[in-house]
Amino acid sequence: MLPTVSTIPLRHMASGDVLSLQVYKFIGAHPGKKVYIQSNLHGAEIVGNAVIHQLIEFLQAVNDTDLLGEIWLVPVCNPMGTNARSHIFSSGRYCVYEAKDWNRIFWDYEKDTDDLLAFANSQINFDPKVVRRNYLTAIKQKFDKLLEKIHSPSGSPYTQRFSSKLQSLSLDADYLIDLHSHTNQGLNYLYFFRNREESAKYFLLQFGIQLDTYDGDAFDEAFIKPWLALEECFKQLGREMRFDVEAWTLELGTGMQMNPDSVEKGIRGVKNYLAQKGVLRISGFPIESTSHEMSLKLKTVVKKYYAPTGGMIQSRVELGNSVKAGERLYQVLNFNKEGKLPTVIDVSAEEDGLVYDLCSNQAVNEGEFVLAIIG
Amino acid sequence: MLPTVSTIPLRHMASGDVLSLQVYKFIGAHPGKKVYIQSNLHGAEIVGNAVIHQLIEFLQAVNDTDLLGEIWLVPVCNPMGTNARSHIFSSGRYCVYEAKDWNRIFWDYEKDTDDLLAFANSQINFDPKVVRRNYLTAIKQKFDKLLEKIHSPSGSPYTQRFSSKLQSLSLDADYLIDLHSHTNQGLNYLYFFRNREESAKYFLLQFGIQLDTYDGDAFDEAFIKPWLALEECFKQLGREMRFDVEAWTLELGTGMQMNPDSVEKGIRGVKNYLAQKGVLRISGFPIESTSHEMSLKLKTVVKKYYAPTGGMIQSRVELGNSVKAGERLYQVLNFNKEGKLPTVIDVSAEEDGLVYDLCSNQAVNEGEFVLAIIG
Amino acid sequence: MLPTVSTIPLRHMASGDVLSLQVYKFIGAHPGKKVYIQSNLHGAEIVGNAVIHQLIEFLQAVNDTDLLGEIWLVPVCNPMGTNARSHIFSSGRYCVYEAKDWNRIFWDYEKDTDDLLAFANSQINFDPKVVRRNYLTAIKQKFDKLLEKIHSPSGSPYTQRFSSKLQSLSLDADYLIDLHSHTNQGLNYLYFFRNREESAKYFLLQFGIQLDTYDGDAFDEAFIKPWLALEECFKQLGREMRFDVEAWTLELGTGMQMNPDSVEKGIRGVKNYLAQKGVLRISGFPIESTSHEMSLKLKTVVKKYYAPTGGMIQSRVELGNSVKAGERLYQVLNFNKEGKLPTVIDVSAEEDGLVYDLCSNQAVNEGEFVLAIIG
Amino acid sequence: MLPTVSTIPLRHMASGDVLSLQVYKFIGAHPGKKVYIQSNLHGAEIVGNAVIHQLIEFLQAVNDTDLLGEIWLVPVCNPMGTNARSHIFSSGRYCVYEAKDWNRIFWDYEKDTDDLLAFANSQINFDPKVVRRNYLTAIKQKFDKLLEKIHSPSGSPYTQRFSSKLQSLSLDADYLIDLHSHTNQGLNYLYFFRNREESAKYFLLQFGIQLDTYDGDAFDEAFIKPWLALEECFKQLGREMRFDVEAWTLELGTGMQMNPDSVEKGIRGVKNYLAQKGVLRISGFPIESTSHEMSLKLKTVVKKYYAPTGGMIQSRVELGNSVKAGERLYQVLNFNKEGKLPTVIDVSAEEDGLVYDLCSNQAVNEGEFVLAIIG
């Protein structure tokens, strides 16, 4: 099965050059779900490009009769982020012009709508498929207003133009997967949303973090929040409704790297998820779920540690270690400019947990991130 | 009258060097209001440093018997911002590590409190001064929790440490003035909050913009929102209450400059405000208010124009001009890399208004800011 | 006369996007000199784009019989520089990856050749046109080695790839014009090389600075140095030889701006130069040279002033003013973090001269540029 | 033995804050050589700070009678570099204001002197110690002129002020050690200069690279070049002269890290060198030189590989591997925006050698560094 490949102009630069998106679409012989997968939204988080590349290779060897629905793939989905450099580093986590994180800029229908409860009420007796279609229509109508504003003489800032391009590709997806990694050094895990625990496990990763609080306007959030909100409205009205709409952010290891182990875990997870969801019929998948135990946590139990003073980090616990409250996590080798000898300061864990993220830079100014622990 | 000058360590850097704040306090012979004035929160917005310097010079020549209350002055209040450079430019509008605007990081008690209405109810029959004291106590107790978190082993990111330092100096002020300018090129005006129109005029500037919508966690907002919210609660409970608490952001011209005209307008405005408020008894002030007409607008009538494509801006309307809907605002000289001749694109005003801000950079990538108009 | 327009791929980015150059060539009906004009090599120096755009418009109205030779125009010649942003600023003066000034990266044949004197000796009795042809052949042969290295498996850094692209377009030009401006605020003037004083005056600018010392590997330098060196060799061998090969860098005002006065002066200068050189036959040109007095100076008499300490610049002399030795040039408003009042420091001129460049940023860290004076 | 610790103001910032150097001096009971050791000249190269910290700890336990001469230690010797951040990264390899590599800014007496041969001739019959003293006096006299310029009203750019501060501390040293690492990922090795092969081996590292060509104005170069040049002059005059003046740059592993193995190798090397040189009498040192084989190479046999196109680096050889000519070094996963499938490009070794440096960032724009091999 060959994909259709389309190139979409994204940004006209001051120099007259144009940056573009490129979408690879695999269309199954049978109708079904729409899966949307992108990578490299943050400039340093490149690992997903290898995952998508290998998926493109893999899917070409699959018969279209074994794909139910369609899979849209958008690697290097943020050229401004991917190409940004500061010295040798991939500094493209945020738009340097607007000072906005590239993953906190997406349009959230829930914030832009007035009376979701009334809408739910109007659909209370409808078939879920009809509700989904009607709701999607409502979302798109509102989204079109955003596009109108973008094309008015006063226009819109680039982050809005950019986010609207990615959202116009993905707004009507059923399953959305955003491939990230830590900018720093991290384990392989995922973020998920409430009532999607079962599907989370299909990704076969070490653990998952439930976004019980929102970061605000992230890609996955902006996609799924309107559906979660509508489910909540139905619940208030006494009807249990669960849309088969899911959003995932996979964190595959370490920034600026495409670690083979992380790539392999990413591909395996995506294949297994798609097989479990009935999108792909491929040999070897789904993998017996009993063979894998994935631990699920709430985001609110994450504790991040920030340097209490400036200096050099040494004697730090290792990535993947478990620590006990009171145990030393790291030292700061602390220099001064007051004629005194350097000192070494110990920092200890406040609570038990797993060390799942480490800063890559072992020099810190006061208040810079050192490590993160999940309880 | 000489100020007391105190130096407050702000950030211990990786190199062992320490950045500090320095506060100049003029204390009157009579008790009265506390006025807090800072400058240069955004790195490029330096004009307020000259205003504060000249106020320091001026106040030294004032007798302490002519100052009722106290005036705290904090120039260069954000060393990370002031000292930042990218090539020759003052790029310090945001924390490059956290990608946060230095003026969108402040702690907002209103967001952190549960039941403001209950508090208002508990104070419904109290004298306003008592309410103010009680409310300030409640705010400070909550603020202390923030400080506790900062000093815990897990600590806090620098933007939180920094903002808490400035807020610990200013939380109990009666009048707060934050001296900014446009990063780009701008007129002299101010931002104000609801029910403070009369005082706004004391600053004798060309116009004022009322923050009827919030940017979120700005310094002035975070200071005054809790008081506005409490006023609103009292209103709901049937009592009109107006605290003599005010927050102002003055915009004094153009970034990276200390334009003498903007400096002079800033000093004149601050002196007149303090004289009108009864804080200073100085000759020549207050100036007859009838001699000055200041126009007040809502922030929601501001329209910002963003480049529809990349290129070079030419034939643009001038700062301070009034434009009519449909009138040409600027042209984009648009290059391409498709073997075609360059083109010139006209952009016209959507609505009538005053051109009060222009981008300094006449080269734009698609979606970059070009100018702003207030209706 | 219509130009031929060709697009040349320049850089393949990590995201798969490609940045390009675009060359506009006007070919005369008669053979003659090759003129090469480019603009915007430094990201903030955009004024030349308007000059080239207006030349493109102008030349379309000229008959090809009035053009002797050809004119190649390359606006926005450095997309990496033009599109770079740090906050709102055009920070693209240098390659942030290699930390190299975009105008100090060019290949200089003089440094790459062994025995220029032997070459001169071998041509001692030849006609200048023959010598020019033979020397150009030698230069190109050496240049081809550079291209070979670039296309070898080990490749070359981007600055070398980029500079070789611009040099492959311009190496065989007779007259080369590089359109710059100050990154900061500057007057309109030019840089020129020895024995080209007469032609310098054709540009009708306020003054010219002779590059009696080299900055090293600048575009104009790298182009003309081999010819100056060969002239010098001939001189040593007792033959006066002057090639009609010329290189010019025009400085047209202020960074990030396309000031109409600077644009106009740039166009007038280029037209007059081309008319004087016999490349263009156009009405109104050449302008009577007696009507304009251009002062020519040596680069070694330029004195740049750097801040003696950190602070805010105020009371500075204005651009275009003449100053006397001992006269105050500017003040630094100097803050401290030692509990003392701010101070104001005067800085005076060491020598008489014309203030021809000012820093745009009136905040300075110690050792940052404040202004430049030419004696 | 306790060090004397002195703090030297380095730079007054725009905000009024001051950055400083701090020097730790251990003075032996016996006269002898002066050893100067600094670390962290490039912002990301922090490993030497741990080496110096451990040396400070170690030397406190040494009796002053076991130190012949003195050891000056300057950790975090470049606060502007150490504290610089771009997103989470240590981007401080160069001065962002001047676009100059912090290690290509040092004053080189050899370039600033006229007639070294005449000086050598004037000293031709003198005792080497006298020649050293006289030459050092000549160097210092010239250096004082530089300081005069810095303190004149026109002043000097910061890179000159900064470099002069470090050189005023080290100009009269006998042995100078500059502790670096790769900004990227690297092995542990050193750079050395001609005729110092024997001493190079004292550092017990895997290999050494002789700087047979200069980078220009690096710290080690600027220190030793005048002495090598004088040796060369004596040689021309028929006298073999070898000054016991040595300069070393140690490369200890990977940027932004203080890898314990690299730290340990650094400390062991420095201790052994100082013991071999007779500066320190410490137990266990010097280590038997026969136990270690260090390979010495010329810098001209280094081959660096730059990406032939943009994309993602995969399947790369590992650090420390030996490769044969023709062997695949790495692949580029190459995306496009032309509607085509991604491609994978192989890059092969031009020559045999050891892979001693790798880029940390596996995403590359065309022309970015991928790896380095030494033959």
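Think of it as A, B, C and D in the order they're written, each chain with its own count starting at 1.
By definition in this document, contacts are C-beta pairs under 8 Å (C-beta built on N, C-alpha and C of every residue); 3 or more make two chains touch, one makes a residue touch a chain.
Please read these numbers as outputs of a predicted model, since none were measured by experiment.
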Set of chains adjacent to chain A and to chain C: B, D
Classification of the chain B:chain C interface as same or different, half of numbers criterion: same
Of A-D and B-D, pair with higher C-beta contact tally: A-D
Euclidean distance of C-alpha centroids - chain C vs chain D, Å: 35
Centroid distance [mean C-alpha coordinates] between chain D and chain A, Å: 42
Centroid spacing, where centroids are CA-atom means, of chain B and chain D in whole angstrom: 46
Residues of chain A whose C-beta touches two or more other chains: 13-20, 22, 76, 82-83, 85-88, 93-94, 97, 99, 310, 312, 335-337, 342, 363, 365, 368-369
Residues of chain D defined as touching chain A within the complex: 3, 5-7, 19-22, 24, 43-44, 46, 49-50, 53, 56, 75-76, 82-83, 85-94, 183-184, 256-258, 310, 312-314, 333, 335-342, 359-363, 365, 368-369
Parts of chain D lying in touch with chain C, wherever the complex brings them together: 11-18, 93-94, 97, 99-101, 152-162, 303-312, 329, 334-337, 342, 347-350, 363-369
Contact set on chain B toward chain D in their complex: 13-20, 22, 40, 76, 78-79, 82-83, 85-88, 96-97, 99
